[in-house]
Amino acid sequence: MKFTADLAIDWMTKANQKIQDNKDYLSSLDQAIGDGDHGINMARGFDAVMNKLGNNDYEQVADVWKESAMTLMSKVGGASGPLFGTALLKMSMAVKGEAEVDDKTFVEALEDALAGIKQRGKAEEGEKTMIDVWAPVVEKMNEAQTVEAGVLRDTAESAMEATKDIVATKGRAAYLKERSKGHLDPGSVSSYYLFAALAETLEGEG
Amino acid sequence: MKKIINDPNQVVTEMLDGVVAAYPDQIKRIPDTTVVTKKDAPVQNKVGIVSGGGSGHEPAHAGYIGKGMLDAAVAGEVFTSPTPDQVFEAIKAVDGGSGVLLVIKNYSGDVMNFEMAAEMAEAEGIDVAQVIVKDDVAIEERDGRRGVAGTIFVHKIAGAKAEAGASLEEVKAAAEKVIANVRSMGVALTPCIMPASGKPGFELDDDEMEIGIGIHGEPGTERKPLGSADDIAAELMDHILADMELAESDDVAVMVNGMGATPEMELQLVNRKVQAILQEKGINTHKTFVGEYMTSLEMAGCSVTLLKLDADMKELLDSPTTAPAF
Amino acid sequence: MKKIINDPNQVVTEMLDGVVAAYPDQIKRIPDTTVVTKKDAPVQNKVGIVSGGGSGHEPAHAGYIGKGMLDAAVAGEVFTSPTPDQVFEAIKAVDGGSGVLLVIKNYSGDVMNFEMAAEMAEAEGIDVAQVIVKDDVAIEERDGRRGVAGTIFVHKIAGAKAEAGASLEEVKAAAEKVIANVRSMGVALTPCIMPASGKPGFELDDDEMEIGIGIHGEPGTERKPLGSADDIAAELMDHILADMELAESDDVAVMVNGMGATPEMELQLVNRKVQAILQEKGINTHKTFVGEYMTSLEMAGCSVTLLKLDADMKELLDSPTTAPAF
Amino acid sequence: MKFTADLAIDWMTKANQKIQDNKDYLSSLDQAIGDGDHGINMARGFDAVMNKLGNNDYEQVADVWKESAMTLMSKVGGASGPLFGTALLKMSMAVKGEAEVDDKTFVEALEDALAGIKQRGKAEEGEKTMIDVWAPVVEKMNEAQTVEAGVLRDTAESAMEATKDIVATKGRAAYLKERSKGHLDPGSVSSYYLFAALAETLEGEG
């Protein structure tokens, strides 16, 4: 894999598309076990990312991710803003200075992102948060030491679906305790969109 | 959705314009931000107090800006916590050299965004302390509790302490003491509708109420037939009193807070019963607040808050403030 | 009917209990009446100010009792003016030897009942004067106009004048000056429901508003599609400004009053536009009040009030009061 | 006619019955062109009158009317309370001292009542208020110098119905101007009940 700034932009573009297309769906998931704004938040944030990326030139992957991170951080708000922002910021730091990112570095970047989310959210796997998608994805990539589109998408998808069975202990859904069961975690669904978009970007390249 | 608004996506910025236009001698807005501060911020050598959160809780938080209360309020989108850069702007604007206290309501998003702002401020050499309000007894586990109307008492008492010239550490301790002694619980009769989505946050039948509702319409503990004012007050008080150590002759402050659409007549009926319960237990009400302090857009319902007071807290609660909403 | 009440026929007396329980150091109730007065009434050698009317307008009128504002408030049944015997009790309770001013809102029932009480008081040798507030420009003929939120400014300014030691004649003149210079108009988005009947006072479609609504749900001047906050503010201001002589550099007080169920966020949006219109005309806003001052149970909607001020009125408006709702 | 205290009580009892039976109807009339409380107000007032009259003995017609007047005055509120209160008070003053009231005195009492209503309400005939029932009834009784049940009822009924065509210039309905047309005046309808009750009392006697 040779992940370039252009691919990084392509990834964000495809992620934005999915978020915008599923804005109402994401909000409705959040309405069931949260406060109903997740789609609105993500759509506002990614809209701003697109605006930013469209108006500038980027040499390095790190620059694209850093710009995206800062934009999400300052536009999304809520719980998901700092988390997605932190994730991309950690990734940008991991690949700093590299014009083309290889599989190994990409996997390291994902590991850093996951660590960042956990630290910022003071959360672990199994609490019905986006970590429940990020952790299995990172684990799979780490085992293989390669970022493969199909594996990425499948892992993210089944992990996202598995959040349905979890009883929330972090985030707004935790207020519902047992009643949070049976509902997908909104942040996990948007995380899935992010990884599905990455898979498409990689496939387009392959 | 029946609202008096313009563009649903502009409600926050236009609301802040309205607040500044209402109190131009007291409050100003930092250009290109959603931060409003005291007109004379920063006050040199006074600890600055910053609060904020998602919008839709008006008069919280901008209405509590004033001498003896908040120095700045940061407004997020409706029901969405503000971003770190905005909170950072607020911190910078109110730091008068003695540091800044952040009053955060206990939601993942608020905590994360304010914490990141604190890190940014510390990196610039500003002393920042933070307290996390968790007064909603609808949640059993203390650390998971939401911050609701009790937050106003934190603003007031920490603000008075800062006004009195206390250090950041002392102001933080005063705020922590309020947090340790304040308990709230709410009920909803009708949902609220976010302007951007136009959809009610939940549904309730015509004869139902939701006990233990959150101020963003988060589901409560129990959904049941609408009770009388006395029953509702008694139920909220049961939960609150079960979680406090209140003995005869103890002093409390009482807040009966409207969620947005409940007329004051109804709040006074709830207050009547709350006071009767306290009187029966021999608990002394030092001061009562009935009105809209921490709302949820146009939700119908109310919350009851009790704050156990000692002599220090009484003095700080009673000291004057110019905040328009207190 | 989704209300937090007990017995629909007991709401007034229970509401008064609630008010007294909320402010026991400031307000007391005359036993077996629906009259509440200042704790220290009568104040010797001060003109007493009595207001009142039907209930359902909370915090009006009991919330305006305090030093520098009302001495007593008389509460009628919901939306029904109080009876002469009750008003008479209030007059007797607050007369400190300098006479009593009655502030009456211009409704047939209020005028008659207060007048009869005045006659009873005069028969007992108490000096009584009365003023009739008619600020609602939704009614064309000046003498037929309803008294609405502008009444609060009459309370405040007459109350301050009385506090300053003025004679009954002078206090009455101050009140009359406010009445001559105050104009209001309101809009409703949803009706209000009287507890005793359980029925909405009128019906509005989901996309309709009623311009020129009265505070008892009396039909307004026009029913039309719900407009934006800016349009609504502009329309109310058009009517108000057309009825006032305001020149550049004139000073006004502004009140954006919620009818009961409208969140403060929306009131601030209306305020934003009101202030923009005033600014454009070069009119100076001396002071702004945004909140619930004169409500109509759980009606959604708001009213805008402008009061043209001179130097005297400014001073009286700005002077302190302990009234909980001002 | 020999109108006694017992008949006066019978009148109030029958009036109360009609008011209670038509409480919702009266409120709905008031809802259309006023504030919807007229039935509630009148029912509360007459309920109190019944309570008062039931707990005391009365020698004179004047005492019954005075007690009723004071009770209505202190229990009805709104516009109708002072008006019905004033009417009965004036009537009681006109018959003071007489154990049995004859037709002539009764007519004089009604005239005084009408004058009292006009003065208190600062209103005249033709403004769509209860005066539009009281005035024609008093006029008819005055012409005949006798109080005859059938005439009383018919006059009150047609006067009450005629209020439909009037444009209000007094009371809450005046806010509606032209739009008040086509609606009955609530206070005129309750005044009709009062006179219809009186007619029944007289018939029961005759």
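First chain written, first letter: the chains are A, B, C and D, and each begins at residue 1.
Quick note on the criterion: a contact is a pair of C-beta atoms (placed from the backbone, for glycine too) under 8 Å apart; a residue touches a chain by one contact, two chains touch by 3 or more.
Because the structure is predicted, anything quoted here is derived from the model rather than measured.
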If a chain touches subunit A and subunit B alike, it appears here: none
Query: Whole-Å distance, subunit C centre to subunit D centre, using C-alpha means?
result: 32
Statement: Per the C-alpha centroid definition, the whole-Å distance linking subunit B and subunit D comes out as 55
- request: Determine the centre-to-centre distance between subunit B and subunit C, using the mean Cα coordinates as centres, and give it in whole Å.
  value: 28
- line: subunit A and subunit D have mean C-alpha positions lying a whole-number Å distance apart equal to 77
Query: What are the residue numbers in subunit D that touch two or more other chains?
result: none
- request: Going through subunit B residue by residue, note those that touch at least 2 other chains and give them in order.
  value: none
Message: Based on which chains touch which, is the overall arrangement a line, ring, star, complete graph, or other?
response: line
- prompt: For the complex, which residues does subunit D have touching subunit C?
  reply: 24, 27, 31, 34-37, 40-41, 44, 73-83, 120-121, 170-172, 174-176, 179
- prompt: Which of the residues in subunit B come into contact with subunit A in the complex?
  reply: 54, 76-86, 107-109, 112-113, 115-116, 138-139, 144, 146, 194, 196-197, 199, 201-202, 214, 216-219
Residue ranges of subunit C in contact with subunit B within the complex: 2-6, 11, 14-15, 17-19, 21-23, 55-56, 58-59, 63, 189-190, 206-207, 226, 228-230, 232, 256, 260-272, 275-276, 285, 288, 290-292, 295, 297-298, 300-302
